[in-house]
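The structures come next, written out as structure tokens.
In the two assemblies presented below, chain A is common to both, partnered first by chain B and then by chain C.
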Partner chain A sequence: MLRVVLILAIAAGVAAMGWMVWDRARSPVATPIADFSAPFVFGRFAVPPDNPLTEEAFALGRHLFYDPMLSGNNEVSCATCHVQALAFTDGRAKSPSLSGGELDFSSMSLANLLWGQERFFWDGRAASLEDQALMPIQHADEMGQDIDALVDELRASATYRKMFLQAYGAVTPENMANALATFMRMLISSDSKYDKYLRGEVRLTAQEEHGRKLFMAHPDTKISLRGGNCIDCHSQFLTSGFRDALDGFSNNGLDPEETLPDGLMAVTGNPAHKGFFKVPTLRNIAVTAPYMHDGRFETLEDVMAHYNDGIVVSDTLSPLILEADNAPEAGQDTVGLRMTGEEMEAIIAFLHTLTDEAFLTNPLFSSPFDGGS
Partner chain B sequence: MRFFLGMLAGAVVIIGWVVLNPGQKKPMPITLTFHAEMEGEPLVYDQFVYDNPGGTGQFRVRDFRFYLSNLSFGQGDQTFAEPESYHLLRFDNADKTHSITLPEVPLTSIDTVRFLIGVDPAANESIDVRGDLDPNSQMAWNWEVGYKFVVFEGALQVDQDVSPLVYHVGFSENAREVAFSLPADVLTEANGQIHLTVDPTKLFDGIARVDMQALPSVKFNRSDAAMLANNYATMIAPAF
Partner chain C sequence: MHFNHFKHSILIGAGLVLAGLSPALSQDREESQGMVLLRGLPTLDTSHSVAIIELDPESDRFGEIISEVEQPEMVHPLHHLYYSPNGRLYSTGLDPSCSLAEVGLSRDASGAPVISGFTCLDTQGQMVGEDIMWANSNGQEYMFVTFLGGTGGDDGGSVGVFDTQTNEVVKIIEARKSQVGEGAPYIMYPHGISAFEDRMVVTSTVHPDLKTGVGNVLTIIDLNELEPIENILVEKEKPLNFPSSPVEVLFARPGMHPEIEPAILANTMFGFETWKVPYDANSKTFGEAEVIYSGVANETAVPLEFYGTEDELFISHALPGVVKRYELAALPELVSSGPDIVADPGAHHMIFFTSASGRDLVAIQNNLLNLGNAADDDPTDVDFIAGLNSHTITVHDLETGERLASVNIKDRYNKGIENLEGLFGSGFVHHH
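And now, the complex of A and B:
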């Protein structure tokens, strides 16, 4: 009897070991993310065929996003400058640099990256999210990490080895970029009051509706149409910049010719792109202050004041901004929309309908190290 | 003998039908290539090199694009209409051209080509994404109005003064049909390639001649929009 039990136990042990070896050796079969949906008004999106959306990639990407191990000093994670409650911005004009100063640009919100421009960073220097993902990690002033050293650190972790295996296979920089890109692609904000309005579930207040109409209109004094002209750069449903080619980049009149930064021109080499920056999504804009690529405006009121009478003319300024004026008489000394205070308040009220509390608090997007899974 | 002749006649009819029936031939690929040209040369962006057609000063082009829709080809009384036929033509590339390729056109030859500059009313009033129609694109105005059909943006320089030019033409009534005949054998000789020129100057220099200084923008004013539409109706011409 004892022999039988012993043989059975050994057989079970051999089987278990065999299963473990096989499980480790086999190619990973990741689970496609099946049940995500997005409003049809967001339009088409494309996921790179060599980096499909999978549950395992998302879980790995989420861990990496929140792990300070990704930085050289093990103190800075992606989430340091991309805080969920602030729609993945950090509330600062410019994020602090590792060397003590501040970075060149304001931290960008991460929402609905499956749509809108297919170039990333304020100056569009990354042509895909996969390209983008590794840049801050290796940037000396952002996370200051040597990518090979990081791969060694991750390989030393049994947890990460397992997560990489399940999602992709080996621990490599490419798979790290793929996982972070997958996590970022799934940060979908589609449950704001505006979304509910588009789905016919709620009504906007009279002021919000007034603001929505102004948002969508390019002013035309010839037919007495008043407008805030937002839609000339921010698409009507996504509220991001446009997707086609470089349509989602613009010079919005912040600086004079003498101090105009290169912006997109640094990437394309085309002088017609000088001072162009990425038009950001306005989703959750009420929680992503301060505003603009350099965080120069502290409030939405400041932003409206800029567009209303603070436009600075330079050669590459968008003609749509230069030409948009609600006042029929010739301009005085300022360039801008010349709306009433009430109209600006209405647009700001509409912008507040873009705040998506469910997105800002979605546990799936939160840190997996804070008791989450 | 009569039986044999009958058989022969039948065979001739069947063979002839098989050989000559257009439906039996393979569908052919067709490419339309549009060349943006002003003053007979490829369009130059971002430089003050063009004269104001109806007044003084020079203008530069920052953006020029338009929707072409409902493309169809005819051969005698047969017609092939491209499904979901909505194309955004833009020319900000090295060749200043835009090509539309239809891999399979089920006609043996083509004698007419038709399309709209603009968007048909049903699609213009919809927010469905189809073809190049995208309600989140720069070409969308808003739900109430539909799409911009033709966009021309730039600046006018008179002496040292530079002022913006913004021409956005939409409204369903401003779609214009373009139709032309193809000379026989043009397609076979050109291997399915059809070349066309697009002259943006025609917007301002057609039935009506526009002084850009007097009319620096057209957006929602319907009579201004109709005037530019009547002008752009002739901006595309086949180049054989």
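And now, the complex of A and C:
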């Protein structure tokens, strides 16, 4: 009898060990994110076939995004410069660098990256979200992390070993980038007042509606059409940018020829791209001050003043901006839209309808280390 | 070794599963996809449906239905699709239970467009929805819908005015010929609709049962008052011995092209003619109506739709199945801009788009009303109209008119095609 019990116990032990070995050795089968639908009006999106959206990748990416372990000094996470309540910006003109100064660019808002964009960063230096994801981590002034050292740290964590295993398999830089990209792709904002208006759920106020019409119109004095000319560059304002690689970049008249920064030209080498920067999403724009690639404008009023009367002409200035004028007969001392104060206030009122409070407070996008699930 | 084989097979399997769940980047082109309303055919035991179909002849999926929602509970199908200025999709309907509907569109986890259903709207008794347009009345935008049957009766017909946000009826514009008195403006069997400034025009086409009555006038509506103010007779030749039955209408206007002098253009379904009615915007008066195209003289019949691109106007003629093209800037005169596009009998709605290689294309729906043929024991037979149903969508090079491809909806899906719209709108500029 004892012998039988012993044999059964050994057999059970062998089976359990076998299962454990198999479980660790088998390739992960992650759970596709399949139970969400996206607004049709946002347009087509495409996910890289080698990095499908899965629940496990999202969970891992969310942990990595909020974990200061990703920085060399273990004090800076992606979320340090991308704060959810500020639509994943940081409220600064330029984020502080590890060396005590400031970075070259303002922190970019993260929302609806599932749509559009084949170039990332203000100057388009990354060709995919996966490429982008590791750049700040390794940048000496941003997170200052050696990628191999980070992999060692992550491998030493049982939690991360398990999360990587469930999402992809091994702990590698590529899988780290994939997970971060998945998390960012799932930062979907679709419940602003304007979204609700498009669905027929709410009405815009008269001022917001006036602003919407100005936003959508290119001024044409021949037919007495007044316009804010916004849509010419911001046609993808509900998502995150253009699908065609370089269409979403423009010189919007910030600097003269002498001091015009390279912008996209630094990436493409094409002088026609000098001073070009990414046209950003306008979703949640009211909470992402200060504005422009270098955060030079503190308020939306400052931004409107720039477009209204402060355009600086240079060789690569967008012709759509150069020719947009509501009162060309008023003289050519300045270049700008020449709208009334009331019209600029209306456009700003419309921009406020793009704020999505549900997105800014969505617990799924918050730090998992603060008690979030 | 066996373990390795097992592991490899797991890896390959997982890869295949994940690849299968992932959208291929190369399959994400949607500019060439059409929205279609399909009519179930009684003799083929099929249901009405709304569907998305691929129409690029360069695609391996040409003619393939990508998404479809059926309406088995409806006796008559949805009729015409229209996108609102805000991108909401609406459809008029022939079934009294659903004369107007909002169609739901969304995207699934792969990014593909899907039809998520439709919601029938309360029309307050208005039946047989035809055309929709969005226009302003006293600075406020409304959705205007023509209802061929109106609230019923032998001389019914109405224009429904709807709130653009809530879809609620704001007003029913109605004026029965039998009630308004001799010489007073009336609305009867309205179908086509167009507008310029504060004047709207609707046509008087035919009673929904196609036999009780046929119209022969245009009705002018004052958009300030939302009331009919004038009827304009558009009838000359009677090749079928019916009243002329004006069907689609276009208010040609400077907003379409700065050289255009305002005028109404109207096609008469049973008169085979295109009419012009000049409009003086200063005095807000209409000039004398005149025929500017005769189907009898040109051996065409049943002119139907007006569509425009940035520089051309296209008019479909169901017989022999051609689309004629004209210089947009020359409107309201019809100055030919090229040879006819030869489609199939029933040439009707069309959409404009580009192929994957960038070729400009036009796809033409070749069915009038999808009604069947008595020879097939089809109870929906109407002798005259049955010959106008080719059940095809033909795709042509827009510049040359060359036919590049055709899909026969009846042969492939056992259904007729009721309407064709582009997934992103029709690519035309001036339908109304």
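Definition applied: the second predicted complex is superposed on the first by the 348 of 373 C-alpha atoms of A that agree within 3 Å, B and C clash if a C-alpha of one lies under 4 Å from a C-alpha of the other, contacts with A are read in each partner's own complex, and residues count from 1 in each chain.
What we mean here is this: contacts are C-beta pairs under 8 Å (C-beta built on N, C-alpha and C of every residue); 3 or more make two chains touch, one makes a residue touch a chain.
Source: prediction; values computed, not measured.
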item	value
Clash-or-fit label for the pair chain B, chain C on chain A	clash
First, second, both or neither for A:E323, with chain B first and chain C second	first
Contacts of A:D220 with chain B and chain C, given as first, second, both or neither	first
Which superposed partner A:I231 touches (first chain B, second chain C, both, neither)	first
Chain B versus chain C as contact partner of A:L53, first or second or both or neither	second
Chain B versus chain C as contact partner of A:V41, first or second or both or neither	both
Partner chain(s) touched by A:L282 [first = chain B, second = chain C, both, neither]	neither
First, second, both or neither for A:D247, with chain B first and chain C second	first
Single chain C stretch clashing with chain B - from 153-161, 189-197 or 423-431	423-431
Residues of chain A contacting chain B in one complex and chain C in the other	40-42, 44, 222-223
Parts of chain C lying in touch with chain A, wherever the complex brings them together	7, 10-11, 14, 17-19, 21-25, 28, 30, 86-88, 105-111, 113-114, 116, 164-167, 255, 258
Chain A partner contacts - residues on chain B that touch it in the complex	45-46, 62, 88, 90, 92, 127-129, 134-138, 140-143, 153-155, 162, 164-166, 168, 216-217, 219-221, 224
Sites on chain A touched by chain C in the complex	25-30, 32-42, 44-49, 52-53, 197-203, 222-223
Of chain A, residues touching chain B in the complex	40-44, 115-116, 216-218, 220, 222-223, 225, 231-232, 235-238, 240, 242-245, 247, 271-272, 315, 319-320, 322-323
